[in-house]
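You will see two complexes here that share chain A, one where it goes with chain B and one where it goes with chain C.
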Partner chain A sequence: MEDKKNKKTRRDFLKAGLAFGAGSLAGVGLFSTIDGVKAETGKLAKVLTADGKIMEVDTSHLKEFGKKTEQDLQKRGRKGIAGRKWTMVIDLSKCRNARMCMAACQSAHELKPEQHHINVLAMQDAEKTAPFFMPKPCQHCDNPPCTKVCPVDATFKRSDGIVLIDNERCIGCRFCIAACPYSARIFNWSEPKVAADDREYDVELNVPQKRGTVSKCLFSADQLRDEKMPYCASACPNGVYWFGDMNEDAVTNGTTKETVRFSELIKNNAGYTLLPELGTKPSVYYLPAKDRLFEFNLNGKTTLDNNEHV
Partner chain B sequence: MKHIKNTISLSVLLLMFATFVQAQAWEIPDGEKSKTNPLELNAANSEKGFEVYQKNCKSCHGDVGAANFMPLVPPPTDLGSAAFKTANTDGEIFYKMTTGKGAMPSFKAVLSDDERWAVIAYLRAGDKTDATVDKNAKLSIVANPDDKSISASITTKDATGKEVKLVGADIEISIKRIFGNLTIGKGKTNATGAFSVNLPEDLPGDSLGKATIIVVAKRFKQEEKIEIDWATPSKHHDLTAQASIWGTSANAPWWIMLLYIGIAGSVWVVIIYIVLQILKIARLAKKNV
Partner chain C sequence: MNHEALPKEESKQLFEKIQTDLFAPLSKHYGFTAWIVVLATVLITAAMAYFIQLRDGLGVTAMRDIVSWGLYISTFVFFVAVSLVGMLISAVLGLLKIPGITPITRIAELIAIAFVMMAGAIIVFDMGRPDRLLNVFLHGRIQSPIVWDITVITTYIVISLLLLILPLIPDMAIMRNRFKDAPKWQVMIYKILSLGFAGLPEQKKIIYKSMRTLSILIIPVAFGIHTVTSWLFAMTLRVGWDSTIFGPYFVAGAFPAGVGAMAIALFVFRNSYNLKEYITEKHFDLVGKLLVLTSLLYLYFNLNEFLVPGYKMKTADGHHLEMLFVGKYALLFWFVQIFGLILPIVLLLFKKMRKPFPMLIIGVFVVIGAFLKRFIIVAPTLEHPFLPVQNVPEHFMVYWPNGFEWAITMGAISIALLILTILAKVIPIMPVWEIALEKGVREEELEEAYKNN
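== the complex of A and B ==
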């Protein structure tokens, strides 16, 4: 009796162990499904191949020709564009707060007027220094603090230097918002401006936006894939933005389409990056507001108040 | 009713504002008015002016003569229109560019005097520059990998039908970049009829050293391309390939992985050992009863 009881306990222990093992296996299975491995349905569908043959394939492998599925979009969005290293140069001497960059960005990414992937800030360092306007997108750091704190691998750095966020993975913990020293990220507190319909979520556009997740500037990764300049850069009427590939050592102006050498532009105009002391290595460079085309004018004010100095 | 009233009063206000803005004429000192363009009205100055115009004026004033300026209030004038050109002397245009007014910025700090006069030369020259295009002109390029130079020349036929190389023809050589062409050299063909530039050593091609060179002879409406494979290969530094502490475990540094697995593993070993010991005690207890 005692022996039997003893054996039973041991068997129970083994059973428990087996159940644990099976559970872990099921867990792995579940995750692999999320990762995109679809189970075969066993049902066959007839399809016509390009050379006119009728073939049968499992319905789980069917996808519409030419249409990118969400998984395709996710996969290419994670990788980045081979051989590129995107960079932006913002010429502060040209900015006059036209805010066309913000409008173009908000319309492309379906953002509400109060949500900014790029924001034009009025800056003045001290009482006697000259105020200026400063467009501030995500700096796409080469040593990003935000991606390191993400607990679910939702925000990531690509090989072409862009930092993206996957709203399908984001759990809305906002660690990345806290980690970013440039306040480049926004949180979708309410339902997005344009509701999600049957559109595929594009990680390179962050559209459709999703409530309860973080969104940020994407360097218009979808535009770059088509070899077009970012929305903000091409919308600017004043020639503020230069954009290009650092590997090619060239940047092109979004307004005038003039192409110059990146290294020379930075060298000749004393280009700088924001908060370099943090070691984040931004991909966005600024040219100081020297030899300005326009006087500073913020709703009639030509200087900022004392409490607005930063 | 209230709505209509509001609309009417708003439009009256706007109309008043518009007339006020228009009524504000430029006050140009007499001395400035009578200034004349120190630059010669030739193709070279006009071309220089065209380049300055494209970079600084086009975004508001649109293409010269096309009346496709920005819809602003007051509207920026089409600087190619006959009305503008007859109403303004060279000195007046120069003064306006220099001082600016309202939405028109002052270009005093941005453009040199010469550049501003060149724009006026371009506006005055208008279509004079496209006089006649030499139909026989032919642009040819030679790329020399040995000294990394690109040489271009223009051949045409003289009166007797013999092929000759043009001397002093304007040529621009540029390299293709993703969003536009980067000029590497610009000049006139020399006595032997060639214009050549060296591709800068520090200007990279793609990862294999390939690049597209574009040669333009604007005055002859000629453009030629040539592919080279001897440019300096670009160095692509893939930030995601290296070991880093960013999010994914795929390329976490090996020592972190080792440390983590080691610590987690030893914790589990200890737990399993304790559980086994407890079971052993229970078994012993049963045996001894």
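== the complex of A and C ==
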């Protein structure tokens, strides 16, 4: 009797051990998918080495020459572009609500019509003041409320001032959306417009978009990497956007390609930032909507109702 | 703690009666099957809804970019709030040596454990990528209040479990010796959980000492869980959340919510477990008074939270308060304040209202009020960001939870109730040994029952 009992407990123990083992294996599996480590496929591919030999390697290790892998893109994406401090100046006196910026942005980032990285808002500060249009991208704050609250470092601030999102890491808790006072962040509530395929995920473009993760304006970090202007700035027909490097103290107009001193542009035109009382220290500056050469017109209306701008 | 010891024969009979009464529900109690069927039905509906949510994404809910937190998060706050009652009853009242609370301490602990566990779970239901949950441990950042929340909630679960298990040890020893003929697995559980307790003086000393230490330790941890939960909101710049009193406001609000839940639980257990001799009108009177006290405290915080910005009506605060006081949330707001807070305070001042049945009704109103209050803390603030909401579909601008969210939330509530039901089914709902001692059963009677043979 006693012996039988012992045997039973031994067997139970082994069973428990097996279950634990399987559990940890499953755990390891989960970890490896999270970190993007590819499992061996077991299939071999023949490759030609520089000295003319034909070798066999597991297909999971194959990598096209010159092509950046996801890890490469992540690594440089998290660091930022050395020595830069990007800034944008939005001249509200030029904005006529053409919305080319929104279109260019949505197409580059594969966004649905209701998803905006940049959104042109009809604004009016008080009842008697004049209405105006205000493009609103992410402010790329120097004291970003969003990156502080992220539990997994999926959204982060780079050395060049850009706030990015790693949608390979984002857990979709949406704390950053709650924390952002500029409502600059969006969420992929369902399947994105263009589904994820075998393209490498570029953290500087946030494409392909992924379901259940957050997205937002990236200052077109991928364009900056290629020394080009952001998508919105180059698409604008009205010269609204100035973009450049605060370290160089120079910004270039996306439409006219004219380059001016950042500090002088801000000083001479009474530049300001949005909601400065919140202490977020935006990298986006606005020039006031004065001396406009056109009428404000929103679907035929020349002024806004109280409930439309608050 | 020891009352006048009874004569030997009487003591023996009394102890036997206490055991029979308190162990009886373990084998049968009224309406158990029907109750389980109800919970299971809700649970199956919720499971189907959650399956679809997993398959199609959070887009099946009514949440969108503007109101990106909704019913799940407000229910999370509600769960954490209710779970604070464990600390309030078994630690605060216990340490203050309030007489006669022994029969209700375990019920409070069970509520605490059931709800705090589901608080953790509902956060996962709210995640866009629950498959990446492990990222929180792999890439966790100490700056994020979510990481603080996970830390304190886990600690609270552990201490609450210990506070449940420790006073259970002598009970398990009694059960181990009493139910020798029970199914094997059951005997096994009693054996394991009694940890070889045999009523030795050193064993008792360890239990008393550790219970006392844990009762003290759980107080800051309980304050911690609800303060950190409030910080999920207060640490942002949003109007309606950006408040320095959010921590104490939430903690104060948690007490009436938990005490209300306690009143309901006491009524249900008293009747379905046939425990009228143990859960007496005195207990309802005590819980009723506790509800008045905690509600008054909460009323005071409400006054601060709404009157101060309401007096100044700063632009953004003004819009927010208008929405609550006279706008689209006015009905909810005043229902919560009047039926969930003010009326209970007024009614409970009368002794007649602190009887079991009125307490049940008031408890239900307080709990529903507490649930809705969390909702109007979460949603209206998000509906009104600093900058205008434009160029998005109409349904982005307003929020009311849809069927999926209700189903999954009800599912979470029913899991909490299921945990509570099952725990109350497998362990005695009151500490048998403490009750026996309080009622005057002689020590040697208990010693006999503990003996490991």
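In the analysis below, the second predicted complex is superposed on the first by the 247 of 310 C-alpha atoms of A that agree within 3 Å, B and C clash if a C-alpha of one lies under 4 Å from a C-alpha of the other, contacts with A are read in each partner's own complex, and residues count from 1 in each chain.
Following the convention adopted for this analysis, a residue touches a chain if its C-beta (ideal position, glycine included) is under 8 Å from a C-beta of that chain, and two chains touch if they have at least 3 such contacts.
Only a predicted model underlies this, so the values are computations on that prediction, with no experimental measurement involved.
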item: Superposed partners chain B and chain C on chain A - clash or fit; value: fit
item: First, second, both or neither for A:148, with chain B first and chain C second; value: both
item: Which superposed partner A:179 touches (first chain B, second chain C, both, neither); value: second
item: First (chain B), second (chain C), both or neither touched by A:190; value: second
item: First, second, both or neither for A:121, with chain B first and chain C second; value: second
item: Contacts of A:278 with chain B and chain C, given as first, second, both or neither; value: second
item: Overlay on shared chain A, then closest C-alpha pair between chain B and chain C (Å); value: 5
item: Common ground on chain A, meaning residues reached by chain C in one complex and by chain B in the other; value: 148, 150, 153
item: Chain C partner contacts - residues on chain A that touch it in the complex; value: 30-31, 34-35, 102, 114-116, 119-123, 136, 145, 148-154, 169-175, 177-179, 181-183, 185-191, 211-214, 274-275, 278, 280, 308-310
item: Chain A partner contacts - residues on chain C that touch it in the complex; value: 56-61, 63-66, 68-69, 123, 126-130, 132-136, 138-141, 143-147, 232-233, 235-238, 315, 319, 382, 385-393, 396
item: Complex contact set, residues of chain B against chain A; value: 54-56, 58-60, 70, 105-107, 109-110, 174, 177-183, 202-204, 206-207, 234-241, 245-248, 279, 282-283, 286, 289
item: Interface residues, chain A side, partner chain B - complex; value: 2, 5-6, 9, 13, 80, 83-85, 142, 144, 147-148, 150, 153, 155-159, 161, 227, 229, 237-239, 243-245, 247-250, 252-253, 255-261, 263, 291-294
